[in-house]
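Down below are the structures I want you to see.
Shared chain: subunit A. Partners: subunit B in the first complex, subunit C in the second.
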Partner chain A sequence: MLTGREVAVLPERAGIEALRAALARTRQLLEIRRGDAGSEWTAVSPDVPFEWARERPLGGAKRIFCPPEETLLVWHDATPALAEPEAAPVALVGVHPCDLAAIAYQDRFFARDPWYMRRRSQAVLIGIDCTAACAGGFCHAVDAGPFARDGFDVALTPLVDGRVIATPGTPAGRALLDALGLALEPAAAALSAAYEAARAAAAASFPERPFVADAIARVDGGRVTHGEWHALGVSCFACTGCTNVCPTCSCFTVVDEGDATAGTRSRVWDSCLLAGFQREASGHTPAPHPGDRVRRFWSHKLEQHFAAACGRVGCVGCGRCDVTCPGAIGALGVMARLGSG
Partner chain B sequence: MGMAGRHAVRSVVAGPLHCKGAMVATASVRSTCPFCAAGCGLVLESDGARIHAVRPDTDHPVSRGQLCVKGWNAHRALGHPDRLTTPLVRRGDRLVPASWAEALEAVVEAVRSAQAAAGADGIGVISSARATNEDNYAAMRFARGVLGTNNVDHCARVCHAPSVVGLRRTLGSGAMTNSIADLATADCLLVWGSDTTENHPIIGARLLEAKARGAMLIAVDPRRTRLAEFADLHLQLRLGTDIPLANAMLHTIFAHGWEAADYLAARCENADAVRAAVAGVSLADAARTTGVAASDIVAAARAYATTPRAALIYCLGVTQHVCGTENVIALSNLALATGHVGVPGAGINPLRGQNNVQGACDMGALPDVLSGYQPVSDPAVRARFAAAWRSGALPDRPGLTSLAMQHAARDGRLRCLFVLGEDPVVTDPSQHDVARAFDALDDLVVVELFLTETAKRASLVLPAAAWGEKEGTFTSTERRVQRVRRAVAPPGAARADWEILDAIAQRLGRPMGWTSARDVFDEMARLTPIYAGMSYERLERGGLQWPCPNPEHPGTPVLYVERCTRGRGRLVPVGDTLPAELPDDAYPLQLTTFRLHHQYGCGSMTRRVPLLERENPPGLLWINPLDAGARRIAPGAPVRVRSRRGEVTTRAMVSTTVPPGVVAMPYHFAEAPSNRVTNDAVDPISRMPELKVCAVAVEPC
Partner chain C sequence: MRPLHHLLPQPARVERVEHESADTRTFVLRLVRLVSDLDRAAPGQFVMLSLLGTGEAPFTFSQLPATGAAPGTVVLTVRRMGAVTRALFALAPGATVGVRGPFGRGFPLDRMDEPCVYVAGGCGLTPLRAAIDLQLARRAPGTPVGVLYGARDPATRIHRAALDAWRRLPAVRIVECLQEAPADWSGARGLVTAHVAPLVEATGARRAALCGPAGMLAPAAMGLRRAGIAAEDIHVVLERHMKCGYGTCGHCYLNHRYVCTDGPVFSLAELDALPDAFDSPADTWHQACP
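Up next is the complex of A and B:
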């Protein structure tokens, strides 16, 4: 809702180029580009025009702040030293609302993690609202889109008439718009109406999937049977793809290499779908069957009570897990089997 | 078709980022997974010096954004501190670092002295199913064109040799007839002796896709595999009763008139002999022999025979038997009798094991054929290669297989052996004999990533570049030729196999004349009709499936649509053969072997990945609760597994995935090597050892 918020208006989409140029004066621009190796976050020059059609990259923005592996500690001559990441100022331009919600989720998790925060604090996030559903996305069903609520420095909302509403979400975002000479004013009624129309059109573009709400309610209410979880567990190949591409997954394991004299300690993405994830030294594990692990994963993604600690439910509806799961039990795959309607 | 040749930094990149914290990958390079033969597409993300992540290639025609856990971790063995970074030469009982110049001079010395002592056939070359096509082609040209011997082979002998031999007899060549994506369009899947979701996970995913679409899934396996859990019919046959089951199905098909009569008449031969051979089969007897209910045999026969798009998929559960070749022929009979060969969504589909075992065969790393299966015995073929190589006359008699090379080494006929990227001391049967053979050589030259057990016995060790460190191609099980690309430089002085071999050839005065992997590929394609239409440009996106005879040809997703390689498909009667060793009072249980989804082969790469190692189960002997209870073996208890050949100790995994009377072990683990107890009896036709069944005793210890 724009009512009561101060916003600026770019008269046309090309107005984003001035924003990018301003950001690029002090930061490296990162944008989603479809390259030779698929769609991914890429370092770009402001001289290359912005691409509004941003395909959701399978890798996502997660790996920018929480890389698949990173060195935490190095020791030589038995003397340890913390590995300090060098993080340059960056601006992510064109973050999808689902990923904004996910970054906010990870910000809470890693709030006291110096490696994550070193990188995160150097980043400006420019979100862009999605004016139509993407293939396999269901952000509207988990309150993560298609329009961003928060988690951005500036959110851009493209309107059908070519104008773009720029909404600051932080003092840094406001300063950025000020520096561009854009007037920040409370949204007029007509502008609010245009925004709402765009939002309604975007929401209406999602395919009807009544099983989604039903499945979420069943998982949240603990009404999925043991047998149903175990039937889903047979489809889990333990490939770790879902946790690797999930923008809110943050579990890692710690790996030491070297010996007592010299070596490194790294953290590496882990996965709760692996049998060894929670196995204790005795061999006991609280989630011995694949079905138990599948249940744990989806409980963490869909149950409301995690929202109290994490700020929102764990699933942001991006649909990446459905792309990468060889067992067809990504989010929509699971919900289609658990939900009715 | 993309931006040829430029994969590292794209034009939109402003320049190197001033951060080491991996804010974004500075280079993303498309490549092909180095593990199983599914040939999944992956992207290597690096900072230019080190690959720090793998992600799936969402555009890949086979894997479509999916990978198994091995693929997701494929990069982790590359930057390993155990990698070889410099040539090593033997000084007494030690291997000491040397320069390339010193090492190459020593290789030349070894070659000259072996040739002087024992002639051209006094040297052999063992190539690698893990290496690229370019490396394998270089190895076979090096053997034939530079050394003048046909003594060149690789490890295909212990996985699908029965397929190569059996399908060559019935169809004309031993490759998968259809494509992985095509399997997802089948309406009936007959999966025989393949634990597909664990060993070829992304192919397994396509089978489950077909099942979800409504296809009937029939799993033939002595174990209750994941696929069996999904199957409409699980034919849980007794170990080694594949032929009685296949013949009973064939009998049922003929008895009900479900065979494809027109297809048999138009495209096959010898069908009447097979019809007569199975006419007398008794379903009741077959049910008793196989342990599969007669009604299930009939249901499977009916579904497979009467569904037009019915695919037969098989793997090592069929081949690793004393009757492996006959097992393959029995399945080929089924596919031909029902008219399923040469048809989309159907076919006979052996799933090859290693990433490039198909390519190593295609490249002619075999003693009897040059690249593209062109026989060394054909003078016209030899003349064409000799002219291209400017090598003089090429040897015309088939060379020695890898096992025969070991015999020749023990006899003193073979004096020098090159081993590229294989570890026969660990992977070949009868470890003691292999070691003795290698110790009898004057020189053992090993080209390797790591100092393997074989490399430790070498007189010369040359450091090789791995898959993420060089350009090249792999050929997957569906005959798809795909690019692998260099994401980072090889460690230290390591080089690609083809570069090393060319460097040796130069010093022997017979340079092969290549400056890039592309040169090697182009030369190979000119001389290899099934690859003739391929080039790196054409392989840029998604690759091409052979045969691809000219630059306009789109490749061949389905083989034998018009005719088989040998013309008519041949049906061949096969009789029952019992396993070489049956249970008795002393060894009352049957042992079979299998693979775990998170490990690969002998584990030289996967066992160096902590996340994969952590997945190892606490025990390695799968045993049914009834058998465990009778022996007072609790879950996780230590057990001893004994056979007539040896014993291993491990812990028990008490599980109903194996039936009573059967125990099962994975084979990846040097600390509990299943091959210490397995049977070395071999298939007389293909020389495949019977790794899938032997008799054992199990007791607590």
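Up next is the complex of A and C:
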């Protein structure tokens, strides 16, 4: 898919170090590093070399732009003012294509939200295409990978011969490559062929899971019975793990602290799997059964209805919900039970 | 970005509090600074009422500048139910609250010359009160208007002065209905659903508006449809928990729509495609409705 696009070529993987150094002159570098709690986005120095072997971090990049708690209002003397988040310039280097798709989804969802956009406008995204399937990932089945299509400032594609294709996706990405003195040229036929070969090899590395497409079609078509949803609901512990790790989930509740004179109002991640999520002051709730709530969650992730507003379906195939769900009803768990094949 | 008055509560002072029933009052709030969008709000739209340190909750307008309320005021009829309403009821005139909005899609404002019935249960009369007042102000003389209002018992009736005023107007038919009626009650008895068809017939209504508790909506909507009103012309006000009012917090999801931005007023034809609108499973009530 490089045909017609202008790209630069890093002769070897070490070429990313010049890119990191250039970014680090004006921004904090954030990269995926493995720590005691597993892989996560970490502030790093450009002096420490880049780690190409990156696991998809369970926490994801969501919390950088849509943090678990965001202060909306601050008041003293009973007069509220909008809170402005302190957002320093950052560069996320090594974003996986599934997360680029998720960030693009949230960019559209939060396009008119001043708090999200303030944080997001401070970030440069350097994506790296995945050359092989990760455990539990099914991005190819939901059109979110393994190669990035858009949502990046620069996408890097590692080739087997050690070269790296750098594709700008925004004017900022193009300026970054220009500043490094990299020649941007229309991709030659041989380079396009090498890119396509890498993409085909990555796509071929996913296990066969024919039930995925079937299950998505059933959910999108409203062809899953109430009985099936209620059977899945039995396995929901309402732990909210799935909504916390899902890179496109963003529902929040609002919490006041302080009193009428001085205090703050914040939005805090909420979860549609909680029984009280839609409960009204009267006690009435439109989704009283766990199966109702599991259905609502998966409908939101898999129905094409939502694509009109956010550019794609809500699920990006990252597989994080399967890792965290104690009831084995993450995405693949649900699809294996709903789909055939 | 969103307009500031959608994000930042605009200060308003409690100007007057009117007693409606034991747990319901009408609050007349005067904005400290004019918000022209609020003066132009339509029946069925709503605001987020903000009490700093306590929280926010959505409330619809019971009166509007378009229906005779003073410009620069926000008039809300509120039932004491949760934390925000408890704190609101404790405020004295002169106290300051915050208002964000207006939000949502209200009632259609055309076709004011066509006969219409308004069906309300409990505090569901509140959004309909503004819609009724607007039609009565704008209708061609003699256009029939019917109001069917159900309450639990005499003490829970609200908007009594408005009901009495409407009763005195020509071509207005009011049916009040109590679930627990005393022996000397001269109005109707039982559930509102039993009185829908006769009122539609008596007024020749071709349109309807409906608001009430969740359990009432589906049977009342079905009654209106059976009485011959087209689904596109039955307008239902839905209630949902809300935190933001502008389609971001996710609490009011109704299938793939938001009650806060796509509603809270929906036509029954729209709700036919939104199976979570009513509490009874959609397949059941669709089968029961010819």
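List of remarks:
Just so we're on the same page, the second predicted complex is superposed on the first by the 341 of 341 C-alpha atoms of A that agree within 3 Å, B and C clash if a C-alpha of one lies under 4 Å from a C-alpha of the other, contacts with A are read in each partner's own complex, and residues count from 1 in each chain.
Keep in mind that, in the parts below, a contact is a pair of C-beta atoms (placed from the backbone, for glycine too) under 8 Å apart; a residue touches a chain by one contact, two chains touch by 3 or more.
Computed from a predicted model, the values in this text were never measured in an experiment.
Room for both subunit B and subunit C is found when the two structures are superposed via subunit A, with no clash between them.
Residue contacts after overlaying the shared chain place A:Ala188 against neither subunit B nor subunit C.
Judged by the touch definition given at the top, the superposed model places A:Ala197 against neither subunit B nor subunit C.
In the overlay built on the shared chain, the residue A:Leu274 is in contact with subunit B alone; subunit C does not reach it. When the shared chain is aligned, subunit B and subunit C each come close enough to touch A:Thr253.
In the superposed model, A:His226 lies in contact with subunit C only, and not with subunit B. After the superposition on chain A, the angle subunit B-subunit A-subunit C between C-alpha centres rounds to 80°, nearest 10. After superposing both complexes on chain A, the closest C-alpha pair between subunit B and subunit C lies 11 Å apart. Residue overlap on subunit A between its contacts with subunit B in one complex and with subunit C in the other: 253, 255, 257-258, 270, 279. Those residues of subunit A that touch subunit B in the complex are listed here as 28-30, 33, 35-45, 48, 58-59, 63-64, 67-70, 85-88, 90, 115, 118-119, 234-235, 237-241, 244, 253, 255, 257-258, 268, 270, 274-276, 279, 283, 323-328. Subunit C contributes residues 1-2, 4, 7-9, 11, 50-57, 81-82, 85, 96, 98, 213-214, 239-241, 243-244, 248-256, 276, 279, 281 to its touches with subunit A in the complex. Subunit A makes touch with subunit C in their complex at residues 72-73, 75, 78-82, 109-110, 112-114, 117, 226, 250-261, 263, 265, 267, 270, 272, 277-282, 284, 286-287, 292, 296, 299-300, 303, 305-306.
On the subunit B side of its complex with subunit A, the touching residues are 2-3, 6-7, 10-15, 17-26, 28-30, 43, 45, 52-53, 55-59, 64-69, 71-72, 81, 197, 201-202, 204-205, 208-209, 212, 226, 229-230, 597-598, 610-611, 614-618, 636.
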